[in-house]
Amino acid sequence: MTTTRRNLLKFVGGGAAGALLTPAPWRLITDSALWSENWPGIPRPAHGGITARFTHCTLCPAGCAVRARCVAGQPVSLTGVKPHAVSHGALCPWGIAGHHLPYHPARVRQGPVKEATAAVAQAIAQRGTGEHVAVLDLRPGRTVSWTHRRAMAAINGGLYLTPRQPGYSIDLAAAKTVISFGAPLFDGWGTPGNVIAARSIFRLIQIEPVETRTAAMADLWLPIQPGSEFMLAAALAGNMTLAEAALITGVGEQALAAVQEAAESGQAVVLAADPASPLMSLNEKYGALGRTVVARSDAPMPEAWKQAAPEMSMAAAPDGAIRVLLIDESLPGGYIPWRRIAPKLAPDAVVVVFTSSNDGYARHAQFVLPAAVYPETAEDIGPAIDTVAAVFRIAAPLIAPVVPAVDPARFVERLAGLPASEPLRERAGAIHKAGRGTLLDYTAAKSTPVKDVTADNFWKTLSQGGCWMDDSAKRTAPENLVFPAAGEPPRDERPLTVVVAEPRRGGLESPLMSKLERESNLRLAANRVALSPDGARASGIENGDRAVLETAFGRLNVVVAIDPSVPAGVVEVAGGPRMADLCGGNGRARVVRA
Amino acid sequence: MTGGKIAFASGMLLALAGGWLAFPRVLYRTHPQPVDFSHKIHAEKAGAKCEDCHAFRDDGTYAGIPTLDKCSGCHAAAMGTTAEEKNFIDRYVTPNREPQWLSYARQPENVYFSHIAHVKLGKVKCEQCHGNEGGAATLRPFAQDPISGYSRDIWGRPVNRIALRTEGGMKMDDCVDCHRRQGLEYSCLGCHK
Amino acid sequence: MDREFIARGLQRSSPGRFLLWILPWAALLAFGLYCAGLCLAKGLNQTNMDNRFAFGLWIFLDLTVIALGAGAFLTGFLLYILKLDELRAVINSAVVIGVVCYSGAVSALMVDVGQPLRSWFTFWYPNVHSMLTEVTFCISCYLTVLLIEYLPIVLRNRKLRDVPSFLVFEHKLHNLVYVLAGVGTFLSFFHQGSLGGLYGVLRGRPFAFREGFAVWPSTFFLFILSAAAVGPSFILLTTKLVETLSRKRLVRPTVYSLLARVSGLLLAVYVLAKAVDTLVWINRTSPGHGFLASQYYSWKPFGTWILFAEIVVFGMLPALVMLTPRLRAHNGWLVGAAAMACGGVALNRFVMTVQTLALPTLSFDSFVSYYPSWQEVGTFLAVVAYGVLLYSFSFRYFNLFPEERELRLEAAVHEEESALAGRY
Amino acid sequence: MTPRKRYGMSIDIDKCNGCGACMMACAVENNVPPVPEAANDRKGITWIRVYRVDNHRAYPERRTAYVPVLCQQCGHDTPCVHVCPQQAVDVDPETGIVGQMPERCLGCRYCMVACPYHARYFNWWDPAWPAGMEKTLNPNVAPRMRGVVEKCNFCHGRWHAAQQKAAAAGKREIDAADYVPACVEACPTGALRFGDLDDPSTEVAHDAARPESFRLLEKIGTEPKIHYRSQRDWVRDIANAPHPDGKDQHRG
């Protein structure tokens, strides 16, 4: 037999025919289809025993009780704890995905700890007379806040700065009518479960220019001309006729009369988006002070802690005199625009921020040190605006820290030369000693009076995500409640009023928030603004266009959504540090096509 | 002309031989188990039953292959004289390192299989699916299909997919056979996740 | 070398000129294959399709191309079963067009699915209720039939004929043509229909949903009719095009006339059926599902003009032209009408695929639009380039038009005669 | 054998404040990855999606409501089931749940075209979690791969877990309290309820029978098992076919 081309072809043909009669090709076809189930990049969830662990959410002052479903110890999903006296088993979308934060790709993972320590020490040593060391605590009222305050008291010229605090609590259950001037009741104002549980009791009148989630849930929504809230308040206070107010606010006279009637029919409370707003003074008229607006109560604390620096607002701090500013941004809180802070700094000031996010003060500080995030550390949560009885609840860590984080309290303690302490434990001891209130043990699903619990068990239960709650005391009116008078807004020729329709605290949020912000349009993403069809047309902007939001303080690149529910002359934005730096509350802005 | 026929036939024969004889051998990649564990010895000498080591957790999930602490309970020091035991103690027990057992029966991620439902409600014996693993004196090598990544026990044994008798096993066909016989076959998501 | 493959008695351009013609198409094909490769390697995120526009350019291409390729089965049917012998002049060309269209469509589909490795599941675990199963089975079977029909054309190549066994094989295949034509017709009926059924069964898309007979919605029959109607038109068009490009006469005018008559007749029947179907749908089917037909046409740019264009401008008009002997005899009218008929079917497929998806179904949906990405367009162009190339090679090396040689001889004789006549 | 169930959901639109907790809980429970930056609201995967709907009036008369839309689990002539060419979609006769098998799916997307509720989602990208975040995946649900379709299956992983729990207790029938989808569990306002529609004692069966209850696109005859309700006339109108007016809303 000779090897010809033809024979070679026949050989190959025979081979092909033969191969088809073997399992090989068929098996390869099926195997490759199975390979598509397992091709690289598809992660395999870890398996293991399933347990429930408990903690409290630290993402906002609400501090909702959290039940974590853990697989082999690792939390894989979070739910509320029901039944719960305050949080009622509810969690907000941020809280539901809180266990993703340690793995956030944008997290601050490392920082110049040594350099920052040296620079701070040097600045303290070299500071001139009248120059201060200050801590800015974005979430005052926590136990570590007291550490900060004690440390600042120990340092000569130490200041303890905080954002403006309400200084009162709201007992929603005591209200029959809630007149809300843009307070985002259903979107971050208080404890979600508490607001929802109280919702069936009160009638909600929401006064704000755009239909936010809260306005959509209100019994009555009054779409008001942006910026004219004080006129409406003046009319309610009787300082202006309803007809005049109707003309200015754009709210019909009848609607105003209805609000007035509801407000005066008893048990009304006025709430405002800014808890320190002058609008809150209407509560005096409606007799809400001491009934709905009540004094805040704090959990007992060790006597020794009272040696602490007083809370000071940023405005009260002396100009150009802060040589060292330590910003505790480990938990997101009320962001103070940088333009209010910058004038307070000395020319060669050292600014250190403890944070997990690059979005806040990290943009302004010299030293950015990584802070731990929820649920990595044990800490307590300051009081929420709508909890009346004092509470002490600990966010028990659910996972080991993913990055080497710096504890701001330890840093400040060391700076002040205070001995290292276990403040949470000390405070738990003080609470136990006071002997009041009840201990909620989520693991055992029971509550026990504190006096029936040993100190050790009390601490053990708390440190596993338990909660202490004070007995309901007699409501008293808040003391020293002073609301500043309404100031004149600065003149600004820009055509649009900025309305923050999407409250946002800043800080990290789960990457899965893309479901709400990009994969659907349920929430306004940080880089998006909404314009009315008319407003967009005036600027020559189409839906989805890139544009620049321009205010007196700067510019921001945004994507525009056109939304007929936005009134003309308004640009809806999402809150957050960048927006706060750009315009603060209700500024004026212009949107220009990019 | 005959030359052509011979060429055709020889090509065919070669392919047939390759496909039927060589292919099944090269398809699977075998890996030895980290320790040559003898189920037989443990069953006979220690009188262990399957569920003594392969236990359920409190929540009803199946814990699978026991972890090292279960072994260390008895084997903190050598109990016998075999080299394999000494090896096991030196390499795993003393340094407290988990042996990386290769599970013959690990189902694909997309399979939901509840041991407790089968054992407790269905009264299925371990051997019915796993075969007489408990009586084996030695651990056979772990054979894996490198393309699909699945163990030979759960996917594609025998390679020609012709089974003369319906036997217990852990392939989807085996599951479906048994469920179908008992009228317990409803939907994909009954057993997939 | 090249010469040896070209049939005797046929004149083809020089290899250089042919290469010049091939090169741009080959470049386009290469670019298209790159695009398709991107889609396969990186996934369908390379396209502009999305959850709302889950079908895009490629499905439109598949539906259109398969409708245009219907000439293959219809010509076979008319020639072998109904014995319209004139069509022998275009049958080979029709088969090549069929092969081009069907293999192109199948290749595009392979890129279009998210998991091509699992495409055989449809054969192994078929869901017999799915129109797509019917489509897959019939198209793959019919593509096999087409390839078998294509084989004799290849084997009759001048060089390949040298192999005696090929010739024997070719002869045997040739005896099968009647069977193949029958099977092809049967299969084509079903997959053209089920391609229509694909949309007609969509209860959730009242714009596409139609009632029908037994398991088949009316679109099933409309698609068969419309595909059959434009098949001959497309053959007519391609033949005219090849005649223009190669500057040769390939078939006799009577063939064109016949193709136009068939096309016109079927188109007329289709337009009638489509009109009746539309009326039933507007007045009964759609309102029965809670959807007023008027709302479909209130979303710009899809006004009622599209319905008018589909039925009257690109349906009735070309049908009338092709059925009128005087107009049909005029080359411009003839080609124009055939082109319009093809355009009409493309428009119909566009409406079925694109408009169906663009329209909202829920009251809070918005009307959505979609523009294909360059990767999608590239893949689309690859199919076109592949078609042009396959057809060009087939035309060069195989005898696609049996009358070509006779016509050339006739022309030569005619030229001689007129030359003679001129001399005297 | 256990008696057959017909699981369904009731949604009180008047209670929904559009917070999005259900969407987050769903993605967490079902191992749905976050999408790449390039994705928009038409390429993402949200098994449950809350739409903003409005009354088509201009500001200040405009009013908004939030409507969570998930797979409506059609009970009759289920559009996606009979279009799938390879039986990757089926209805479980025991539970009435429409199931999707990603491993069987070819990715042809015909089912997505068939679904009038846009409740089916395609994996346009390879699933990708930020490094470390894959530790938070739920072991009861298998992650999907690129190129397949997925959708809500009433948290079938939870159904499995409930079954396993019942089996551990030696029971064949699950405890109703053990099987609640993640969205229902997460809803802070209690707008979502879940249960057996065939059991008249359940809250959902009661809700479904209320006069203000409606289903989306009921007229097309697919018998969806998600029952919405609202006291507001204009909200109930969303059940019907779209009107072309007032459709310039882009954030819905």
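Note that the chains are named A, B, C and D in the order they appear, and that numbering of residues resets to 1 at the start of each chain.
Simple rule for what comes next: contacts are C-beta pairs under 8 Å (C-beta built on N, C-alpha and C of every residue); 3 or more make two chains touch, one makes a residue touch a chain.
On a predicted model such as this, the values are computed, not experimentally measured, just so you know.
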When you take the mean of every protein CA atom shown, which chain's own CA mean is nearest to it? D
Hey, how far is the Cα centre of subunit C from the one of subunit D, in Å? 40
Would you mind pulling out the distance in Å between where the CA atoms of subunit A average out and where those of subunit D do? 29
Subunit A and subunit C have mean C-alpha positions lying a whole-number Å distance apart equal to 60
Inter-chain centre distance, subunit B versus subunit D - centres from mean C-alpha coordinates, in Å: 38
For subunit C, which residues are shared contacts with two or more other chains? 115, 118, 121
Taking each residue of subunit D in turn, which ones touch at least two of the other chains? 40, 43-44, 51-52, 54, 103-104, 126, 141-143, 145, 147, 249-250, 252
Would you mind listing the residues of subunit A that make contact with two or more other chains? 32, 35-37, 44-45
All chain pairs satisfying the touch rule are A-B, A-C, A-D, B-D, C-D
Per the contact definition, I'd like the list of subunit A residues that touch subunit B in the complex. 1-2, 4, 6-8, 10-19, 21-25, 27-28, 30-32, 34-35, 37-38, 44-45, 49-51
Partner subunit D, residues of subunit C touching it in the complex: 43-45, 49-55, 112-115, 118-119, 121-122, 124-127, 129-133, 136, 198, 201-206, 288-292, 295, 298-299, 356-357, 360-368
Which positions of subunit B touch subunit A when the two form their complex? 2-16, 18-20, 23-24, 27, 57-59, 61, 63, 108-110, 145, 147-150, 155-156, 159-161
In the complex formed with subunit D, which residues of subunit B make contact? 56, 59-61, 108-110, 112, 114, 116-117, 120-121, 186-190, 192-193
Where on subunit D is subunit B touching in the complex? 88, 90-94, 97, 99, 101-104, 140-143, 153, 156-157, 160, 163-165, 167-170, 172
